[in-house]
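Both complexes shown next keep subunit A, but they swap its partner, so subunit B is in the first and subunit C is in the second.
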Partner chain A sequence: MSLLSLNDVSVAYGPNTILKDLNLTVEKGELLSLLGPSGCGKTTTLRLIAGFLQAKTGQFLFNAKDYTRLPINKRHFGFVFQNYALFPHLTVFDNIAFGLRLRKMDKKTIEKKIKAILQVVNLTGFEKRFPAELSGGQRQRVAIARALVIEPDLLLFDEPLSNLDANLRVTMREEIRRIQQELGITAIYVSHDQEECFSISDKVAILNHGMIEQIDQPKKIYRYPKSEFVAQFIGFKNFITCSKRANDGNDVVFSTAHGQFRTTPNADVQSETSLKLAIRPDDIELCAPADAKTAGENFLTGQIQLSTFLGKAYQYKVLTPLGVFHVNCGSETEPLAVGTTIHLFFPMDKLVNVD
Partner chain B sequence: MKKNKAFLFLLPGLVFLFLFMIIPIVLIIRSTFSDQGQISFNGYMEFFKNKYFIQILINTLKVSLLTTLLCIVISLPVAYYIAKLHGRIKSVLIGLSVFPLLTSAIVRSFSWMIILGKKGLLNELLLNLHLIKEPLNLLYTPTSMIIGLVHLFLPLMIISLVGVMENISDDLVQAAESLGASRFVAFRKIIFPLCVPGLIIGSILVFVGSLTAYTTPALLGGKEQVISVYLYQNAMTLNDWHTASSVATIMVAVTFTIVGLMNLAANKLNSRG
Partner chain C sequence: MKQHNPVLALFTILTFIFLLGPLAIIIVTSFGADSYLSFPPKSWSFHWYRHIFETEGFLSTFKTSMIVSIIGNLIALLVGLPAAYALSRYPFWGKKFLNSLFISPLLIPGIVLGFALLKYVIVAYQFSIYTGLLIGHAIIMLPFIIRVIASSLANFDFSIEEAAISLGASRFATFFKVVLPNIRSGLIAAVVLAFLESFNNVDISIFMTGPGVSTLPIQMLQYVQNYFDPTIAAISVLMMLLTAALMYVIERLMGLSYFTKN
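Moving on to the complex of A and B:
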C-alpha cells in the first residue's frame, strides 16, 4: 500500500479541465518530482494534495485514510511556496514557531525544536531577524524550516528555487535533498527545471495537459523517454519518422526512404507499431563517408545550415533528406563552415524508439 | 536643478498654509490665554469646572469612538472581499462604497430623518411586521447621530483597508492554514496584524472626522450636543468668541492627543523590521 495515492482525480475551473483522471502514487520516504511545462497541471496537483483546492471527481488517499475533503489545517502537510510566503510581521523565530504554537507546545519544547531546525537549515543566530532583513536563499531556508519543524507527514515544494539565482539554486537543491534524506521525510517537488528535478528526485513524473506522460526513476526517463513529448521536454531535439519497422534478433530495424536505422526496443513503449525515433544533439557523431562502423545503417548525409556557439560545443543545424538535425560538436576544434557537407552517424545505443 | 534649491517648490504651499492656517490658529490660541489684555487661564478653568461642557466633551468622544469601532467592524469583511476581487467589479464596488462621500451632507441627513423618524420607513416596517408595538425613538438620539456618521465615514475606512489588504498575498493565509491554523486563526494572526497600518490611518480619519463633523450631528443629533455644535452656538448664536476659541483649542488638543496615541499603538502592534 502506497503512502499517498490519487485515484482518477479531476480538477476543472469552469469549462477548463486542468487535471483529467489523474492517478499517482507516492511511497514512504520517497522524493517525487512533478515536471512539466507551465500549464501542465503540476502545481494544481500539488495544491490539490495540500488541500488548497478541491477535486471535482476522484479520491485522495493518504495512509489509507480518505483525505479528499479534509480541511487544509487538518492534513498536517508542510508546504514550501515559490515566493516563500513568510509572515512579514513576525521574526524568523516566530515564523517557525507559528505551527508549533498552534499545536499548544510549551515554550521550552518550542525553543528546543527551533534551535535544532535552524541548525539543519544553517541559520543559527538569525532568530530575531525579520524576513525583510534576509536574502532570498535565507528566506527560502526559513520557509523550509517552518514547514519542517511541525514534522509533517508530507512535505510539498512548489517551485521553491525559481526565484533564486543560478548558483544558489544548485546549492539549495543539494540542501533540500540532504535535509529530506536526513529526516527521511516523504516529499513532492514541483519544478519546470529538468536538471533540478533529475538531480534530487527518487522518481520523476512528467505531466502534459493534466495527464502523466511518464513516471519513473530520473535515469530511466533520461535514457528511455516514453513519448515524443517527454523526449522533447528532456532535450531530445532530433526526431526521425520511419515508414516501417521489423524485428531483427534483439534489435529493431526501422526503414525510411533514405536508409535504415537499427536500435534496441524501448521497454516503456507499449505499441509495437511506433515508428518514431529520437536522439539528443550531443549523441550524434560526425564521421567519414565510408566509415566501417556505419555498415550502411544509422547514417545520413547533410549540409550545415547554421552554426551556433554554445560554450562547451558548437551546435550545427544540418539539413538532410530526412529533415533538419541538430548536432553538437566539441568546441576545441575549429568550427565547420556553413554549407559544408557532413556525414552523421546515429549510435544504436543512443537512438531511442518513442511513442 | 541643485538639490538644495528643490525646497522652492514647497514655497507656494507653505506660504498659503502659513497665512491662512498657522497664523489664524496661533491667533485663536493666543486669544484664549488672555483676558482683557492680561495672561490668564480663566477661560479654561471655567470650562473644566463646567459640568455641562465636560458632558459634551465626553459625549463627543463617545460618539466618535463608537463610530470608529463600528466602521472598523463593518469595513473589515467588506474590504477583505473587495481586495480579493479583480478587474471591473472591483472598481465598481470601490466606486459604490465611496458614494456616500459624493452626496451632500444635508441631503444624506434628511434621508436618514425620513428613514429613522417616528413615522419613518424603519418604524413603519417594524410595526407592520409586528416586531414592535410602539414606534422606536431613533431620530435625534446618539443612535441616529452615529448611524449618520458611520454612513458618512465608512468609505474612508474601507478605502484605507482595501489599500493594505490588496498587498497581503493569498499564500500567507494558505501558509498559515497548512501549518494548522483555521481560517479564523489565520485571519486573526496574519491578516489582521498586517492590516494595522491601514486600520490606523482609517481610524484617524474616521475619528477626527467624527470629532469635528458639524452638519450630521447638528441635523440628526437633536438635543444631544456634540462639541462642534456647541462651538458653533457659542460663536454664532451667543457671539461669545472667547469661549468658542477656547473650545476650538481644546478640540485641536484632543485631536492631536488621539492621533499621537494611535500612532503609538501602531508602532507597538506592527513591529516588523
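Moving on to the complex of A and C:
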C-alpha cells in the first residue's frame, strides 16, 4: 500500500477543469517531482494534497486514511512556499517555533528542536534575525526549517527555488535533497525546471493539461520519453513521422519516403503501433556522405539554413527532405557556413520511438 | 547644490500663512484677558481656559463626545475590519459595488445623511439620543476604517496566512496571530483617523443630539451663538492639541512602518 494515493481526482474552477481523473501514488521516503509547463496543473495537485483546495470528485488516501475532506490544519503536512511566506513580524526563532507552539510543546522542547533544525539547515546563530534581515537563500532555509520542525508526515514544495539566482538554486537543491534523505522524509516537489527535478527526485511525474503524461525515474524519462509532449518538454527537438514499421529481430525498422530508420524500442514504455521517432539536437552526428556505418539507414542529407552560437555548441537548423532538424555541434571547430550541404547520421540507440 | 527659487519660496511662505495664520490668531486670542474676541489682545490671561471648566456643558459634552467616538469607533471596527478583510482577500460578485457603498458616507453631504438618518431611522424606530449618535457616528467612521485597513491589507501577503494554517493554526488563530500583527499600524491609523472624524463632527451630530445629550462641537456651536468671549478660542486650542497629538501618533506609526517594510 502506498503512503499517498490520489484516485481519479478532478478539480475545476468554475467551468475550467484543472485536473482530470488524476491518479498518483507516492511511496514512503520518496521524493516525487511534479514537472510541467505553467498551467499544467502541478501546483493545483500540490495545493490539493496540502488541503488548500478541494477535489470535485475522487479520493485522497494518506496512510490508508481518507484525507479528501480533512481540514488543512489537521493534516500535519509541511508546506514550503515559492515566496517563502515567512511571518515578517516574527524572528527566525519565532517563525520556526510557530508550529511547535500550536502543538502546545513546552519551552525546553521547543528550544531543543529549533536548535537541532537550525543545524540541519545551516542557520545556527540566526535565531534573533527578522526575515527582512536575511538573504533569499537564508529565508528559504528558514521556510524549510519551519516546515520540517513539526516533523510533518509529508513535505510539500511549491517551486521553492524559483526566486533564487542560478548558482544558489543549485546549492539549495542539493541541500533540499540532503535534508530529505537525512531525515527520511516523504516529499512532493513542484517545479517547471527539469534539471532541478531530475537532479533531486526519486521519481518525476510530467503533467500536461491536468493529466500525468509519464511518471518514472528521472533517468528513464530522460532516456525514454513516452509521448511527443514529454519528449518535446525534456529537450527532444527533432521528430520524424514515419509511414510504416516492421520488426527485424530486436530492432524495429521505420520507413519514410526518404530512407529507413532503425532503432530498438523500449517495450516497457512505448506502444507497438506508434510511427513517431524523436532525437535530441546533441545526439545527431555529422558524417561523410558515403560513410560505411550508415549502410543507407538512419541517414539524411540537408542544407544549413541558420547557425546559432549557444556557447557550448553551434546549433544548425538543417532543411532536409523530411523537414527541419536542429543539430548541435561542438563549438571548438569553426562553424559551417549557411547554405552548406551536410549529412546527418541518427545513431540507433539515440533514436527514440514516442507516442 | 540646492537651487533657491525666490518665487517658489515666497509662494510656499504665503501658503503656510494662509493655512496656519488663522490657527495662530486663535491661539493668540485664547490668551487674551478681554471679555470679547480681539486680536491682538490688549492684556494676557489664562482666564478663559479656567472658564471652560467652570462653564456648565463643556465637560459633560466632552464626555459624551468621547463615549460616542470611542464606542462608535468600536462598532465601526467590528463591521469594518471583517469587511475590509473580505474585500481585500476574496474575489466575489458585487465587490466593486460594496466598495463604493462603504465609502459613500464620504461622498454624501453630512447634512443629507444626518437628516435622512433622523427621519427614516431614529424617529421611525424610536431610538434614544445616545443610540442615534452611536449609529450616526459609526456610519461616518466606517469609510475611514475600511479604506485605511484595506490599503494596509493590500500590502499584506496572504500566503503567510496559508503558511500559518499549514502549520496547524485555525483560521481564527491565524487572523489574530498573523494577520492583525502585520496590519497593526494601518489598524491604529484607521482608528485614530476615524476618531478625529467623529470627534470633530458637527453635521451629523446636529441632527442626533437633543435635550440633555449633546457633543462638544454642538455645545461649542451653541455657545458662540450666545457669547462672543475667548472661551471658544481656548477650547479650539485644546481640541487642536488633541488632534495634533493623535496625528503625531499616526505619523510615527506610518513613518516607522515605512522603514520596517522589506
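Everything that follows uses one rule, which is that the second predicted complex is superposed on the first by the 351 of 355 C-alpha atoms of A that agree within 3 Å, B and C clash if a C-alpha of one lies under 4 Å from a C-alpha of the other, contacts with A are read in each partner's own complex, and residues count from 1 in each chain.
Here, a residue touches a chain if its C-beta (ideal position, glycine included) is under 8 Å from a C-beta of that chain, and two chains touch if they have at least 3 such contacts.
This structure is a prediction, so every number in the text was calculated from the model and none was measured.
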Partners on subunit A (subunit B, subunit C) - clash or fit: clash
Which of subunit B and subunit C A:Y13 touches, first, second, both or neither: neither
Which superposed partner A:F77 touches (first subunit B, second subunit C, both, neither): both
Partner chain in contact with A:G99 - subunit B first, subunit C second, else both or neither: both
Partner chain(s) touched by A:R129 [first = subunit B, second = subunit C, both, neither]: first
Partner chain(s) touched by A:F309 [first = subunit B, second = subunit C, both, neither]: neither
First (subunit B), second (subunit C), both or neither touched by A:P88: both
Shared subunit A contacts, counted only where both subunit B and subunit C touch the same residue: 50-52, 72-73, 76-79, 81, 83, 85-89, 98-99, 102-103, 132, 146-147, 150
Subunit B-facing residues of subunit A, complex: 50-52, 71-73, 75-79, 81, 83, 85-90, 98-99, 102-103, 129-130, 132-133, 146-147, 150
Residue numbers on subunit C that touch subunit A, as the complex places them: 157, 159-160, 162-170, 173, 177-178, 181-182, 260-262
In the complex, subunit B residues that touch subunit A: 169, 171-172, 174-182, 185, 189-190, 193-194, 270-273
List of subunit A residues in touch with subunit C within their complex: 50-52, 72-73, 76-79, 81, 83, 85-89, 98-99, 102-103, 131-132, 146-147, 150
